[in-house]
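Each of the next two complexes has subunit A plus one more chain, namely subunit B in the first and subunit C in the second.
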Partner chain A sequence: MHQAKLIDSLTYPETAKTHKILFGIALIAGLISLAGLFTDTKQFFFSYLTSFVFIASIGLGCLFFVMIHYITRSEYGVTLRRIPETYSSNMLYVGLLFIPILFGMQYLYPWTDQALLAKDQLIADKTPYLNTTFFIIRNVIYFGIWSFLGYRLYTNATNLDKTGDLSLDAAQRKVSAPGLFIFGFTTAFASFDWMMSLDPAWFSTMFGVYLFAMSFQVFFAVTILTVLYLRSKQLLTNTITNAHMRDISLLFFGFTVFYAYIAFGQYFLIYYANFPKSILWYYNRFDGGYDTMAWLLLFGKFVVPFILMLPAKAKTNMKIVGSMSVLIIALHFVEIYWIVMPTLHKGTAVFHWLDITLLISLSAVFLGLFFSKFRSNNMVSNNDPRLQASLSKH
Partner chain B sequence: MSNTTDKTFGILAEFKNPGHLMKAAKMTHKAGYKKFDCYSPFPIHGMDDAMGLKPSKLGYIVLGHALIGFLGGMALQIWTSAIAYPINISGKPFINLPAFIPVTFELTILLSAFGAVFGMFFLNNMPKHHNPLFNSERFKKVTDDGFFVIIESEDPLYNPEKTKAFFEQAGAVHIESIAH
Partner chain C sequence: MSQKTTYIPEPELVQGNHTFGSITSLVGDIVETPAPRWWYIAFAVSNLLLGLLLAMLAYLIWEGTGVWGLQNPVGWGWAIVNFVWWVGIGHAGTLISAILFLFRQGWRTAINRFAEAMTIFAVMCAGIFPAVHVGRIWVIYWVFPLPNQMQMWPNFNSPLLWDVFAVSTYFTVSLLFWYVGLVPDLATLRDRVKSKLGKMLYGTFALGWTGGNRQWQHYEKSYLILAGLATPLVLSVHTIVSFDFAVSIIPGWHTTIFPPYFVAGAVFSGFAMVMTLMLITRKIYGLQDIMTINHIEKMNIIILVTGNMVGFAYIMEFFIAWYSGFEYEKFAFVNRAFGPYAWAYWIMFLCNVISPQFFWSKKMRTSITASFILSIVVNIGMWFERFVITVTSLAQDYIPASWGYYSPTWVDILTYVGTFGLFFSNFLLFLRFLPMVAIAEVKMVMPQADPHNYDEDGNELPKESH
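Moving on, here comes the complex of A and B:
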């Protein structure tokens, strides 16, 4: 039987300046955005929140995949696991990027407004949970947990690369099992805090799952594009083969359906019940330009990828899967925009240049952090006990 | 035993291990035999390619069923709630597509599952109460440690002597004719 061997170089080229270029872009776009902070403060914080949730959700999707991969002792993704591992190891920096939002809370969250609380008893009743102190404490806890999980999984894995100590592989499962349990709660509550409380009168019990479904879908898109980028640089071409890409594309396809199920489920229940308090959230999002985005999400995030990726052959066709990944990442941002922005611009969608500069800035930071870490360690965990099985996949 | 061609089901050859079976499958496919099959106690990765099997048609059967389920579910609900007996439900339109999704979705899934299961039965010629291979004592090993290739007499290239010679060349440890 055929036994594949590791023949690719496992180190990212030292000379590559990818991360420096990205940090440069981030700095320039960030400085331009700073001008917006003084000219249009409220817009700045809303745009910042949108872009922040965009990168944080990618990190969370990656973290979830790494943990589920370890706990199931999976073989299929061992050769490409270092990519999500590296993305999620940067949750600490993502947490640092959350700090500006704490300074913009009075612009973002209506429940910080004492005058509104005096008027609206329903929102005033929520203050035991929705208050500034508890909000900060909660977010410190979330990012503390995610940073720890991401960092621990990453350092265990890179130590395993160097020492070959297999007890580290068992340690990964010991981190992942409680990690997954806590991840579910923290992600759900984070989604309530970041985005649902923008409209404090509204609530949806599906919202945590909704953010998770979005994150996990976009994680596959990001990983696929990262692999395609590495391939374009002739890296790991014999290590991450079409057999691995087929599995990842299959899961990408599957979780596209999962996303659609959750997103539609939330919409459907609220639409059908038609209660004034809950339907208003969707009403504002099917009005004045936001309706176009909603249709775009339905077709671009589900119908088109579903039909194009349905045939078995499409899952190894990197042109189809790659273009669908670009589409999903772009629409993932549009969806967060569609959730966040109607709070600021009710009735008509208003495009602002800050949306773009902050998106570029934060994404470049996120990618720059990825590439600076990715080059400092092996791109594949060479001592993983299941690496051989993964390499021999066909 | 006096076997004539029309009474013989085919020629069965036993191989030592999965590796030999794989090689034999490749050779049989290359030699141009069409009506042949391989048997082993467990699935062997890469066997489909070695035997030159085409991708299964099951996907198209499932797709057909899924489309019938989708269109049928939609048609059923549109006909019942907008044409045959329109009921005003809290002022919503008679043809209320979001509300029709759950039933449509379930019917699509149900018919796809039926298509997958019964389509698999159909493609595998199931249910089949008897297979001439059970006439062979030796074939009982297939659930334990036997690796077999059979070339059926219906194959255009089938010729008792030549096929036996072919198997000998392929490294079979045991060759026998299977009667109907």
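Moving on, here comes the complex of A and C:
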């Protein structure tokens, strides 16, 4: 058998206008959405939060993958890694996109309402944690840590491309190991802050793991679709091979099951115990249109992908894996919507155009940032010490 | 831009320039040569403990569960603690054999046989406790949905019943998985042993294995399917064990993080147990070339990761107990850390959360002494974790008048000690009569198994072979 060599061009075409088009879309959708800020302020912030968590969770999923890739010295991931690496290197910008939420806190979070705190002792008891100052401090810390990790891992990797200095590869592991440890806690507390505290009476120890499981599942979908996009442009067709796609699809399948396990575990324990304090959260999400979404999530995020991606052959069939990725990304948004929106529209799901314009705007920013960075460096780490092993996978 | 760096190979999984033949003799000779004296001594001690277990169980069944330390409000004591502890230890075997197999982790081959055997024996020890705790063991078959004239059915809503099915399925699949993996190696032993009886027995269980191409194809397919089946079982068994607690509405038990937290804890303690046993056997039987320092380091990393997951869960539980604003929830956790069982809580915390942190240092991860000590510390910690969860949540319940302090009786203690007799008797028999390393699988990860015609930099060798 012939030993594989790096034969593709590793640079994203300079002439490509992908990022400019995306930024244009983001701007237009953003401007349209701004109109909503004045007509329906509360709706604006809820829609904004939904779309924000959508892109932030993708970034977090990517960041986790990059770190776990280094820790496990994964071979299959070498050719793919630059994609999530680039996504997660933009966590600083994602953090900047969080700032509008700080201005909408009084619309989003009931615990900012002094009148409610005076009435409701249960929520008043939580003020040492749930208060505006600490909320801001915490989020600065989260985004500071994630931005640092994403940026550091990205620059180390691109420097390795340029210099071939292998000590940088070891440095990646030194960043990743404590990085993963901190990532676990920051993601969990971020999930409490962003989404769990929308309903300050509700609590679930699993919630952080739940957001993580969702993020990691959607990371696979996003990465797979990005690769398929590159392939459609005839890029990296010989570098990211079927062997790599098979492995990432296998993990996509595995973490789809993991997501289902976590999501079901949380639901099931709350359902079974049937405590008034915690069951109401689910009760509101199984009512007035939200129930349809819940069923959609069960089938679309687990049952259908599980059945279709189970056969070994399906994992190299990019029609199946690609369509499942689209489905998972769409439903990932639906799931965040399903978590966030019942706080605003209790009882009946009300669709609002802001949900779509803000989703388009924020996603286009996120993708635009990706493509603008993706063209400035190699699309594959050409000096990675495990590249040869990765290329030779079959 | 071209590549500047060259391929850096990972360290070889098998050290010491072995050939296929020398691997076979290294493992096979252990079975074929007479057992050393220490083995007889260890086996005798284990048998004595096994006898102790049987005596304790006979006494329990004769007298009833009153001989245990259970009394209101602590209705669950050492029995469930020991059950969860043993079944948790069992998880590493399936994790190593099935999940690492699906992830194509070549290093698992050195320890999978060993860990699978441990799984089976640990699950046997675990199974004893739920079986005997029913009191009237002679009607244990009532847990099965058998039609009967009393119109009595098991409560399908109860995780305790799911446990019966989960653990028995797990045991069956683990046993099958272990056996299927053993077949090629049993054939190797059949072809090597001198004694007639040995030839006959190994031959019978080798199922006529000849090592033909077709046989290997079937073998690999069935192994893959069993790995696929065993993987959800790893999750399901300990998830259901966690449900035993978490579906209740007892503060300290009802918390949603329990399923993944229990699974992580199980893998944590299981790896620690594999480590303890592996470090002893590799030394005694001279298997350092197969179970290398690299293996030990990788296992220690898994211990560190799962230990941190467990620590994460402890912290989340504590935080959410406060955050819930629910006074009973708060009390349950504060009482754990500062109440009458604080000693147990802090032993747990030190052993499970603090002690694995030593493995951040590469020096500790690759030190045999440190690995050995910490692996034992971890298992002590995990026993206390189950004790803390079970007992502290019950001892101080909603009615202060009924608060109590639970202590085990001598029967509790000796039964637990006796389970080690069952475990080690089986384990020693395994070491004596079966190949403790998957010979065929280890060969597959050796460089000889991957003949190729290019050099380490990926350049083709001058002579084209096909």
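Here is the rule we go by: the second predicted complex is superposed on the first by the 392 of 394 C-alpha atoms of A that agree within 3 Å, B and C clash if a C-alpha of one lies under 4 Å from a C-alpha of the other, contacts with A are read in each partner's own complex, and residues count from 1 in each chain.
One rule holds for everything that comes next: contacts are C-beta pairs under 8 Å (C-beta built on N, C-alpha and C of every residue); 3 or more make two chains touch, one makes a residue touch a chain.
Given the structure is predicted, the values throughout are model-derived calculations rather than measurements.
Once the two complexes are overlaid through subunit A, subunit B and subunit C clash, as defined at the top of the document. Of the two partner chains placed around the shared chain by superposition, subunit C is the only one that A:T205 touches, whereas subunit B remains out of contact.
Looking at the shared chain after the overlay, A:Y272 reaches both subunit B and subunit C.
One of subunit B and subunit C touches more residues of subunit A, and that partner is C. When the shared chain is aligned, no partner comes close enough to touch A:F134: not subunit B, not subunit C. In the superposed pair of complexes, A:R73 makes contact with subunit C only, with no contact to subunit B. In the superposition on chain A, contact is made by A:H394 with subunit B only, not with subunit C. Shared contact residues of subunit A with subunit B and subunit C: 1, 272. Residues 1, 264, 267-268, 271-272, 274, 310-312, 394 of subunit A are the ones that touch subunit B when the two sit in their complex.
Across the complex, subunit A is touched by residues 18-19, 45-46, 55, 59, 63, 90, 92, 98-99, 101-102 of subunit B. Only residues 1-6, 10, 71, 73, 122-123, 125-126, 129, 161, 164, 166, 177, 181, 184-185, 188, 192, 201, 203-209, 250, 254, 257, 261-262, 265-266, 269-270, 272-273, 275, 277, 378, 382-389, 391-392 of subunit A touch subunit C when the two sit together in their complex. Residue ranges of subunit C in contact with subunit A, taken from their complex: 1-10, 102, 232, 235, 239, 243, 246-249, 254-260, 301, 308-309, 312-313, 315-317, 320, 323-326, 360, 452-454, 457-460.
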